[in-house]
Amino acid sequence: MSKNRFEAFSDGVFAIAVTLLVLELHVPDPRPGLPDAGLTQGLLALWPLYLVYAASFATIGIMWINHHALFHNVARVTYAILLFNLLLLMMVAFLPFSIEVLSKFGLSRGAVEFNGLIFLLIGISYGVLYYVASPTIHGPRTFAGYFTTWTWWNSVGFIGYFVGIVLARFSPLAGIIIYALVAVYYALPAATRQLLNEPSKPQG
Amino acid sequence: MSKNRFEAFSDGVFAIAVTLLVLELHVPDPRPGLPDAGLTQGLLALWPLYLVYAASFATIGIMWINHHALFHNVARVTYAILLFNLLLLMMVAFLPFSIEVLSKFGLSRGAVEFNGLIFLLIGISYGVLYYVASPTIHGPRTFAGYFTTWTWWNSVGFIGYFVGIVLARFSPLAGIIIYALVAVYYALPAATRQLLNEPSKPQG
Amino acid sequence: MSKNRFEAFSDGVFAIAVTLLVLELHVPDPRPGLPDAGLTQGLLALWPLYLVYAASFATIGIMWINHHALFHNVARVTYAILLFNLLLLMMVAFLPFSIEVLSKFGLSRGAVEFNGLIFLLIGISYGVLYYVASPTIHGPRTFAGYFTTWTWWNSVGFIGYFVGIVLARFSPLAGIIIYALVAVYYALPAATRQLLNEPSKPQG
Amino acid sequence: MSKNRFEAFSDGVFAIAVTLLVLELHVPDPRPGLPDAGLTQGLLALWPLYLVYAASFATIGIMWINHHALFHNVARVTYAILLFNLLLLMMVAFLPFSIEVLSKFGLSRGAVEFNGLIFLLIGISYGVLYYVASPTIHGPRTFAGYFTTWTWWNSVGFIGYFVGIVLARFSPLAGIIIYALVAVYYALPAATRQLLNEPSKPQG
């Protein structure tokens, strides 16, 4: 598999999934009695969904940036990379469904937990892909050796989504904000991230 | 980030967003009593939406052309460019939602204002991206220096969408026509645009 | 505009439009009283839509092949080509809407006429694009000179769709079959097409 | 037709079809009486559809991998390859419709049989494309000669889908599981497949 076509397919799925998100946002139907048929009120009431839209768009967008950085260093696309990349794309492509759930059920505890679960599965799939791709970057190594390059950077997503899912039990809005903050964290330039949590280690 | 993969992802989102627009157009359900089950009448009654569809398609299409021209001159895709490009794509990908609003609420004041707001946000995002990309084209410069290359060309969108939003209060149709005219303006070849408003300055 | 990025964007819109078609096909809701909840019957009753789906898919697919062949010979993507290509893509991207109309109104006269109208507009847009691109292939020439390379090949679409639209008044099914035959005609290898209608002229 | 643009278009349709699948999954509407408005229960009840989603995603994804491997060896994209590739893409792009059927009719016999039929048509289209592309890889040969490179690998899909369709009459779930197993079989690295059924022949 040439890296070119591999990247083109992955870019395609990332780009499509991110653009489909908006199809699951729905303005309420017009209500003839209200001023403006209830449009302004309806659009304003959707604000938690705009936040979810932005968080999801940013999460996929930034994952695409990191996916690109990862495969810039990968020497050869192995068959295992192909399969686990498909798994990651399957999870990423599932995100619009979680927007549909939030669209239908609003900012409720269950919907936000489900949203966090999908984010968590995306994070885990990316972690597994990173692990599988690792030998073609750093040479063959043991399972333990893999964790020697494990950094805060790799953990923030897991911890963040887990905290968000737990918080959603008490405040669904807080859960969504945590998911958005994870995206913001990964969007920070590497230098800033190092200042925040790993000033002395070289960034992986 | 290689310019190639950056452009491929951006092209993908532009192409998908523009093609999804049509999914938010809906013909009314058949009404058995009417001749032709009301189809011809229903299709003709949608004409303002065809105008919005054409204006939106043209706006994204022409923004894609200008996006391409901009990055043709960009020497290096910096991290800041990546992030603000994602912001622009997030706004562009939001446009189908504004078609849905117009589809549900018709050519009403609120729906056209909302449509103009999305166009304005797209315009602002493009302006910010242009500002962020500017140093890699013209070398480092001050915030003030950035505005030395600011031309009519850059202002027409902001002014046009603002005027359209204000006009929509009095005539929603006029608002849509203004948005379409903005797209037409940016579609004019550079030479024609210079004749119209900047005959003596070299076009940036 | 580099030909590469121009082609990538066009390919993207063709590929997306063709893949979105299926989203406008809808199986009827389950009807609990019927055996199999009415599924088999419902799926079989959709057969005219499968034909429309196939005709539309083939039309876009084959237009993409011809689009490719055309731009293989185009030396330079001019601004006019960019704009009229956008117009063609706008028409192509509109096709899913015409499937929605057929989905809702069935194989009725009005729906098939509308479908033919969209096909005709796509054909005209392609003709205009071909005209605009012509000078970069054959060198500058007059409007009359353009028609010296006009062949049966260029006319079949216009004639076919026009005949289909007229026939739809008497038999909607006949209209759809004509549209499908136009796609079949353009799908025939050049050699076969020459045998059919232009045995002595070199194929343009 | 350059192989590049041919592959870009095919990759596009594969990537879009696979990403659209999720749009046909629908969570049931909220039911105010139930705890959590019925969300958790509704999401859990969808489990057969998650399985179908995963099987469909994997089937298209792995077909894309094999499509890539096939065309890596194809020297020249002939006109016949173009047309039969379009046929394959038309079948692949139809898969979201079969998810819609399963979404509406649940894990019923008819819906699963229909799903298997689509998979079977995809498999047949791929087989025909492979046959058409074969001469540009192995040189011209007879119809019989084509079958000298026919292996278990090529047959598993046909047999699997056929068995799945028959099994669906007795247990719809068993049918879906068989379709998923076919995807798993094609996802196994070539080495494993050889161990399973063709230890002595070189893999085509």
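As written, the chains take the letters A, B, C and D, and residue 1 is the first residue of each chain.
By our rule, a residue touches a chain if its C-beta (ideal position, glycine included) is under 8 Å from a C-beta of that chain, and two chains touch if they have at least 3 such contacts.
As the structure is a prediction and not an experimental result, all values here were calculated from the model.
Undergrad: Is the contact between copies chain B and chain C built from the same residues on both sides or from different ones, judged by whether over half of the numbers are shared?
TA: Answer different: the two copies use largely distinct residue numbers here.
Undergrad: As a quick test, compute the distance in whole Å between the mean CA positions of chain B and chain D.
TA: Spacing between the chain centres: roughly 38 Å.
Undergrad: Taking each chain's centre as the mean of its CA atoms, how far is chain C from chain D in angstrom?
TA: Measuring from centre to centre gives 27 Å for this pair.
Undergrad: Can you tell me which residues of chain B touch two or more of the remaining chains?
TA: Answer for chain B, listing residues that touch two or more other chains: 8, 12, 16, 20, 23.
Undergrad: Using the definition of touching given at the top, classify the network of chains in this structure as line, ring, star, complete or other.
TA: Chain contacts: single closed ring, each chain with exactly two partners.
Undergrad: Applying that definition of touch, give me each pair of chains that meets it.
TA: Taking the chains two at a time, the touching pairs are A-B, A-D, B-C, C-D.
Undergrad: Chain B touches which residues of chain C in the complex?
TA: So the residues of chain C in touch with chain B come to 1-2, 5, 8-9, 12-13, 16-17, 20, 23, 79, 82-83, 86, 89-90, 93-94, 96-97, 100-101, 104-105, 108-111, 114.
Undergrad: Applying the document's contact rule, which stretches of chain D touch chain A when the two form their complex?
TA: Contact set of chain D toward chain A: 7-8, 11-12, 14-16, 18-23, 25-27, 29-30, 36-37, 39-40, 43, 53-54, 57-58, 61-62, 64-65, 68-69, 72, 187, 189-190.
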